[in-house]
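Paired with chain B in one complex and with chain C in the other, chain A is shared by the two complexes that follow.
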Partner chain A sequence: MQREGSAFSGLGVVMLKELSDHLTSIRMRVLEWLVVLIALAALYGAIQQIKDTTAEDPFLFLRLFTTSRDPLPSFVSFLSFLVPLMAIGLGFDAVNGEHNRRTLSRILSQPIYRDALLFGKFLAGLVTLAISLIALWLLVVGLGLLLIGIPPGAEEIARSFVFLLVTIVYAGVWLALALLFSVVFRSAATAALITLGLWLLVTFIWPVLSGALAQIFIPPDPRYTALGLQTPATAQLEQILARFSPSTLYAEIVVALLDPTTRALGPIYLSQLQGAVLGAPLPFGESVLIAWPQMVGMIATAIVLFVIGYVIFQRQEVRA
Partner chain B sequence: MRSGFIVAVAAAFAVLIAPLTTTFGLSAMAEDAPKDVRGIFLMSDYPAVTLRPGETSTISLRLQNYDMTPERLGLSVTGVPVGWTATLLGGGQPVAAAMPAANSSVSLSLRLDVPKNAAMGTQTITVAAQGNASNLQLPINVTLAKDLPAKLTLTPQLPDLRGTSKSSFEYQLGIKNDSGKKLTVSLSAQGPQNFDTSFTEQYGTQELKAVPVDAGQSKDVKLKVTPPNTAAAGDYKIIARVAAEDASATADLAMTITGQPKLEISGREGLVSTRASAGKESTVPVIVTNIGTAPADDIQLTGSTPSGWKITFDPKTVDRIAPNDNKEVQASITPTEKAIAGDYVTTVRASARGESASTNFRVTVTTSTMWGIAGVGIIGVALLVMVGAVARFGRR
Partner chain C sequence: MIADAVIEAHGLTKTYGSAVAVDHISFSVGRGEIFGLLGPNGAGKTTTILMMLGLTEISEGDVRVLGFNPAREPLSVKRRVGYLPDTVGFYDNLTAADNLRYTARLIGFRAMEREKRIAAALDRVGLAEFADKRVDTFSRGMRQRLGLAEIVMKGAQIAILDEPTSGLDPHATAELLGIIRGFKTEGVSVLLSSHLLERVQSVCDRVALFHAGRIALMGSVPDLGRQVLGGGYVVDIEADGVGLPERLALIPGVSGVEKTGIGKLRLHADRDVRPEAAAEVVAMQGRLKYLGVQEPSLEAIYTRYFEAKPEQGAQERTRHAA
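Moving on to the complex of A and B:
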């Protein structure tokens, strides 16, 4: 069957309307304040810790993101919790909300295609998240400049900028998932609960579960266990399983980007370390290459999740 | 035990003998004098001396009393040529009379100031001691001569030494003062340019510029010659010179410096780092320099790398590098397939006979961009799926 017209006509209208809705909504405001305040607290702790303990460090600026001070976790660990929350908060009632308010058919009676509606909703959510994350990033850079007093080097800026992009992609994954469930479930509450449940599962439970599953599939070799070591095959399987979770991927990318001394993200044999200059930072491009498979995984996941949501939405009965 | 005992006995003897010899030396005349020699004598060890015009000299005299009652003796000097000044000194002051006790002596010295224009020839000066019972006369022949024989000699014990440019050469030199008086001898040495020379005491580190030598005595000093590190192999001459007043002596010393090759490794323009992809060969130029003083022969190049790596050199050996010359060698480094990204240390070593040098090269292993392109492909496929979905399921 031949389609007519562009899938994107009306996209701009939907996106701008959604964007203004998001930016003026109470929900968004609460989420933003939550993120900003918690981030500030983590940043303050990091700066205190850096002032107290850090000796000479060629990547002092990156320590802003990764240093933690008890009882608060570091800025990046906060982000890895809060970014999914924000994304789910923005997306869980994107489509079923329209259903429930009975506005969907009214919108679609305008010269706006269903394609454009979903694209617009997704893009608006992503832009909203991007705006707040960029603001947050600038806040961190600015406060770091102000409180540490050391200007960041070009490589530090590059690394933290790629970190920002990756965080936006990570938000995109959860936004796509929330959008998918808002298409699948008619009740917004169900969609929210299931999305949050899935988030909890992949973020907190899956890492533990992948270890257990790996041990079931490849029982540890007693010879390694006796030495207190992990069996290489088991460790490899555990990592493969753990990488199904976007939060694992995100955590690995963050480590590679913000800690330049990271040389590999998988298990390393001791023979591979022979002759290596430990503690020598990797060039920026190499760090990105190390984390590139993870980034690809996240980007592809976001696209695939969106496409699934898109296909289901296109086949749905909207006149209800 | 036995040897200890012998040493103890020997030491005891030494202690016993030492005071004996000392006494013996001091009053040899008195003790050795036969009993039938009695009287008061005016004596000099050398009653005929040679002097130079324009100089002041002293002649030592002694008044000796053997078994006689002490007596006051008036002293006088006669026969002093016109223009000369003769003074009798006792205990450092001019004296006119002396009184030796029984079996003892009084030391005197006659100081002679000889004017510059004094005529050559022999003069006789008579020193007289006049007492109630004795009338003593001592004629002293003073010969004036223009040129005295050389007063200093310099004898090296080991005049020819051998070593490398890093060693220091030490010559033992004996300075003998053959003149009639104590001299302050100044020391100097002349070597090739940039050779450092210094005189020290024989057992000591204090550097000397001059050393006093008593009349008729000799003294040993040490001449230390330090060649510059860059001194080429070869024979060198050093002239040691001692001088005092108008006398001087020289000694020719020789040293042979044997050259030594010394190797140094660096990268081109001093760069000792390179990049390499895992499993792929990369070449880095290695420059071997001989900064020594002798040519280095048959230089083998080797390298030690992390396990699983390969390193080869082209050429493997360098036949010869002349001093201050260098040769470039290509090192091919292949990291193992499994190498993870980051910096590694590889040591490159060059060894000639007995001489070697090594340098660490830092190899930055980069990961292949193959997977990066594959990743872009995966994202592209995902986007294609989306475009396909839009085309297939879009509602327009």
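Moving on to the complex of A and C:
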């Protein structure tokens, strides 16, 4: 049966309202400063390191993102755990907050569908994150120009721009997850804790756990072990398991994009390397191609998480 | 049923698993009528309201709101019906006017009309001077009035109010009931739910008394009084005098005299026998301390009805709990 009217009427209104709430909230202000200060620190470390060590590098500009100097991690590693934190911070009380303020039934008694409310909230969160990330990206590129004094080439700009887009998608994954838990749990604190717990699990514990699990399912072959090599089947399973984590996917994409010499994102056989000039950079299109499955996977994860939250929200009782 | 009905429900039912929240209820609300859904908490009033707004699925039965089916045409229903939820909430970080602006945008009013409607609505509920104050400074009564302002702004043909007076002090309650009476004079139908029988008795044209998911009684308060408390009048007298009960029993129209305490008597009669009873006491040289006729009260009707049918009540409770 066809529903009456458009599911998106009111979407723009909800989005603009949520966006203005986000941009004026103290929570966002804190996150922004955190990101900017940490970016500056990482950038400073990277530039010092580059000045000290690099003689000649065709992709000097990309090194800005990936070079680290002890004790600070690189800009990319900072982003990979700050972005989820920001997304979770924006999304964890999206729906249960309306419940607890008792505004949900009042808003839903206006002539809009629930679709508009949930999708509007997701879009507003994503736009907020995108604004911060674009600002951050421009900041890094601008400071890099000033401090290194070498203009980036077109390919470097293209690579770092795709990196920016991927980071926004990565933020979308965590935003969708936070939104899902904000639908499932009535208490905002519970939702925040569980989302953060899950983030810790998939980012820090899962990579270790997937190795252990792979060895349980496919015990390493002693012949490989004797040679100090990984058993190919075990390594493959480990990678398959690890890729269930969006953090792994993001890390793999970043490596492919920002390090043009990356030729594959998994174990490869020596036979596959025949004729390859090791250490030679791949063209931009080829690098994107290498990371394409991971990108699609990440977009799919965001969509699936959002859809689960959407279905649960549609069936939920609105009464407080 | 009513000819000019804005809400018509037939056999409306809501079940959660095997628990029945609302059990085959039928009622109708006429244009410009104030209809009360009354009953204890958990009797199914809010669930009934949510079904009328299309905010929860209908398990069985049918409801029409202004001729629309809320399950199939929720937007048409929600465009024409204003809803004030139980303990309504607003965005505390926004001003009263901004809260209404957000709702007005969701409804789709244009900028000019929006501002005009908001100003008029806030004025109507007496919040005009608080338009630019943040809602977190508002008292509970002011929030309820802001909720009514939203309904006014929407230009709703039906106002559905869930427990509008709960938690309000007598003054705020009186103000709120005044605004609700104002809706009626403008031809807006009002459907209000409450567990506070006495407070809403005065505004409701007709009421439906809910009990365990069913409508136990429906009609105007005087009608229900006659139906449940029995026809006739109950006159209470407090007076001294030897042999007074016997003398009072002889008054034409008095069907019974009951002793309710020391010097307290209760007369059951088919008419108001206060003048005759007073004359009798005075004729006996007795001292008349109190003389009053009982108005049928919802409280009395409710209590009497469920006292009279304890078995039915018990059965319904069992089913409700099952």
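Simple rule for what comes next: the second predicted complex is superposed on the first by the 320 of 320 C-alpha atoms of A that agree within 3 Å, B and C clash if a C-alpha of one lies under 4 Å from a C-alpha of the other, contacts with A are read in each partner's own complex, and residues count from 1 in each chain.
In this text, contacts are C-beta pairs under 8 Å (C-beta built on N, C-alpha and C of every residue); 3 or more make two chains touch, one makes a residue touch a chain.
Note that the coordinates shown come from a computational prediction; the quantities given were computed from them, not determined experimentally.
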Simultaneous placement of chain C and chain B on chain A, clash or fit: fit
Comparing the two partners chain B and chain C, which touches a greater set of residues in chain A: B
Distance of closest approach, chain C and chain B, by C-alpha atoms in Å: 5
On chain A, the residue positions that both chain B and chain C contact, one per complex: 4-5, 113
Residues of chain A defined as touching chain C within the complex: 1, 4-5, 9-10, 13-14, 17, 21, 101-103, 105-113, 317-320
Residue ranges of chain A touching chain B (in the complex, touch as defined): 3-5, 7, 113-115, 263-264, 268-269, 271-272, 274-277, 280, 282-283, 285-286, 289-290, 292-293, 295-296, 299-300, 303-304, 306-307, 310-311, 314-315
List of chain C residues in touch with chain A within their complex: 46-47, 50, 53, 55-56, 72-76, 78-79, 81-93, 102-103, 105-108, 147, 150
Partner chain A, residues of chain B touching it in the complex: 305-309, 336, 338-346, 362, 364, 366-367, 369, 371-372, 375-376, 378-379, 381-383, 385-386, 389-391, 393-396
